[in-house]
């Protein structure tokens, strides 16, 4: 099958590669011509602007936009919508807010264009392991593009089958689902990321207690000398917390047991915040997901105005002077 | 009435003063002889060691220990227990862990000594406003020492009476209670401090949102130019969040609207942590009290090992490089 | 001054009363004619529809809408916008989302109408104590309507002045502020409510620990017999947690020490949720405000699907059967 | 090697079985004689009291106590300490608080007895998959008993090796570690369980948002029709949240998509609470671990006194009547 791809960063480039390695053809574009040339050398048709990309695709066209969420994606889709023709499909594989998908699908459908949103997990490992995909859009279009999704997905692999599973739709077992109408793909991906934040923070807090149990600030008789790299390793083997995130943690600790190579300033993305907003709209209590996000805000180490309010109150009622006044 | 006082810091010194201003007599001791001399100049009998303090008191003696919780208090009480005689009373007015009170009361009672724990709120304002006191110990001893407590307490003042209140015990309305047996006083004070942390953090978070709504990092059309000093002031007047902590916040913001005089590094005391432990023992969900404490830990701005674990995981699965690597 | 008022529930009715008691005149409307008649009997001009209300007001008109946020308010303002004339003013005194204010002010200004949003705190006590008001909108209109706001506000009263306060604008000390352009009033009120949730939850958790410390499920030697009504009372007198919320808690506990009259199913309003959304947009960590909201969700006692997921996982890895299967 | 085992529930029984299947011999005791007979039928030496168990073991003896933490374990170890002889070893494989291990090891060492604490993860799956073990105690004793631990552990299996791992101690890769002196084993296991709580709650909250997104209480245009069983399945395949807990969730949802078989009343164990206490002692912020615990408290659906305090306050300031008064 043929796919146009816009945005050839780590994700977009590897999507092109995985497709070509499995017999599909790609027409690719990126502002950065070096990225275009690199993929052209691997077999893609490289183009230098969007009209050329559209011209290079057979109808009905399918164009995968793999750009940062927000303005870059929005503007590209706006432009595409003026170049494509009824029956063509725009796929947004980025991290778009699902309400933007719903809005776009409605607008584009008025021009006869299809809109598919694909939440994609797998990061840098996707080329090799395949991409776990959560897809939103009309069922017919998703079906028509199935050869692409089936190729990008990990497939059954050697992961044990789920006990008692029975379903008419075997796509989930191959690593992709049609989650529902436009927006449903990114909604499910958004929640995935929310959970990811929570799991990561659970490990972070646990390892923090383990590591500080070795601290010289504790009285000697309360101190252990725990080997956190060995602990991560042993938990990989039969414990309840076995997980890919633990595997990655064990990797990191194996080569850098004190993680001195990291400062611990942790970014957060829109998906974490939108997950909380969705929970608010649905009145779901999400203390773990929200506090995971707050820990990231805090990790960036800027003192908050709120902290100063605390200091001022303490000074007011107790004359407490800050211990570590800058 | 006569009272021995050990520890003449801000709290202990003002307790002596408030008693003397109201006709009681005091025998006072502090390691720092300047403090002893200052109070002697105001009418106290100053002494230079614990035996002299005990010798200076008429039986049955009452000695108020107003020292930092932990070793200083523990050691002083140990020493006193060898100097005092059956029928005498030791009062711990500090911030002792209530289980230590229970243990001490048991040990001291074997020598015929009484033990009273007094949780004291009011900070630097106590001399003028009186001290709000939560008292633990045997009822008879608490009763016998009532003249001291009644003097130290704020009294009815001009605070409106509580609607529908009827009680055989009017001490609460005068600002002190006999909460129960040894330990009960500090237990109630501990919970008071837990609540205080939660209220402070509620204000801190709210003012943080207000202040960052002015931030230049927001798009101009989403920005306000809120005057947080005026907001604190207006809330003092008829709003649901009216409180002494708000008054103090308004004071602070009136003279330093950006709180530039504070770094926001906020200490925490044992009482906050013990409150959480008590909640654990009683299976009480305390998300607000615990997260208030965690915010203080975080306010001190040290990156945690847990944050580094997050960074390492993100690097592992997504190749994310920290935005603000030191 | 003359004011039209739409919505004569507890808030709207008392606003009319407080204005009339102080020499202003009102034209009032409510779907419920009994409410209209009651106020007419107290001196208002009662009308039976919006055109009559508009007809009854002298230009430039001012109409205060005091209805539930959302559709009722929105539809009423839409209708008013077709009846009023350039130079007239609509005041929304309800609990509207501040972004709706911004949108409305823009739309209405195209017709030459002014839009003022007033966040109002004070609840059932406003008639007597006055309303604490946070006002958004253009400065000129706010200034022109000042006689109304000055009357509704509590005024200086006998609340002590804030130390070091100096401001060219003495409205804050009288209990109302012009917070900024349209939306700013409701924004500040929204944050006020967020803080209120946090303070309430801090008290809730503290009293929960106190009350469960009396529980027969604890071993006898770990149990106290704390009098929570007395504790609330004593804290009103000189402690750091003194506040109006504590006064109310003391009131409630004085007449019903176990609060048997309440089930503890606690509603939440939009303002609590929007506060969290604002914090997300501004990357402010708000663990206390968010967890206060989650506690309310939880208080309503419906089991969540998430809880079932926990049960299912525990059954999966450990064969744990639920202790209290329904 | 020979091992005495006390407590033949699911864990103790399977430990005996896994040892015998691999050439070790066991002497077993349980209050429940049926359990003893069952294992005797599989090759164990069954005994009817502790003296018989001790008599049945060759010196230096090793006895594995696999009983509920607290009194049952404590009393059994007390009795054993009077029956065993210098050089013998007591192994506590239960969920004991690590400070109890430290205390016991000290007491027992005065009699020349060795004490080993083993935190064991793996639940009902251990017989087949092996037990992930975290061991505390003196290195020499742990070394001497290595044949037992090596048999009980999962071994290398087919789990991929950790990249860059280099260690002189290959036990971690085989699924067991010597974590440190007495107490260290249970400390590490305790943190493991804390993390487990956090990961579980992260999944619980995420699936809660997914499931409620289907709710009929949402406006139709905001509703999806998400298949949570398919979502769990697809995430198993290449996503960042891949984990054993997700596998179990997928299992559960495959056979019961709405989890109607569960009420969602979730127990918690000492380990979760002790994790929070350890964090308090070390000043580690643990919002996720603590809130996971609070969610379990809340899952049990008992209204709290704190909730009633909220209701009472709301009634006090706003006249709010509970929506769902019982």
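We call the chains A, B, C and D, going by the order they appear; numbering starts again at 1 in every chain.
Quick note on the criterion: a residue touches a chain if its C-beta (ideal position, glycine included) is under 8 Å from a C-beta of that chain, and two chains touch if they have at least 3 such contacts.
Keep in mind that this is a model prediction, so the values were computed, not measured.
A centroid comparison over C-alpha atoms places D as the chain most distant from chain C. In terms of C-beta pairs in contact, A-D outnumbers the other of C-D and A-D. Annotation: 39 Å between the Cα-based centres of chain B and chain D.
Centres computed as Cα averages put chain C at a distance of 46 Å from chain D.
Averaging Cα coordinates per chain places chain A and chain D 31 Å apart.
Residue positions of chain A touching 2 or more other chains, listed in rising order: 123, 125, 201, 203, 205, 208, 212, 240, 244-245, 251, 281, 283-287, 291, 294-295, 298, 304, 306, 317. Because contacts link each chain to all the remaining chains, their graph is best described as complete. Chain A meets chain D in the complex at residues 121-123, 125-126, 129-134, 153-154, 157, 159-160, 162-167, 169, 171-177, 179-181, 183-184, 187-188, 191-192, 194-199, 201-203, 205-206, 208-210, 212-213, 215, 218, 222, 224-227, 229-231, 233-247, 250-251, 254-255, 275, 278-279, 281-289, 291-292, 294-295, 298. On the side of chain B, the complex with chain A involves touching residues 10, 123-125, 200-201, 203-205, 207-208, 211-212, 244-245, 248-249, 251-253, 256, 259, 262-267, 287, 291, 295-296, 298-301, 303-320, 322-326.
Those residues of chain D whose C-beta lies close enough to touch chain B in the complex are 240, 268, 273, 276-277, 280-281, 283-287, 290-291, 293-295, 297-298, 304, 306, 317.
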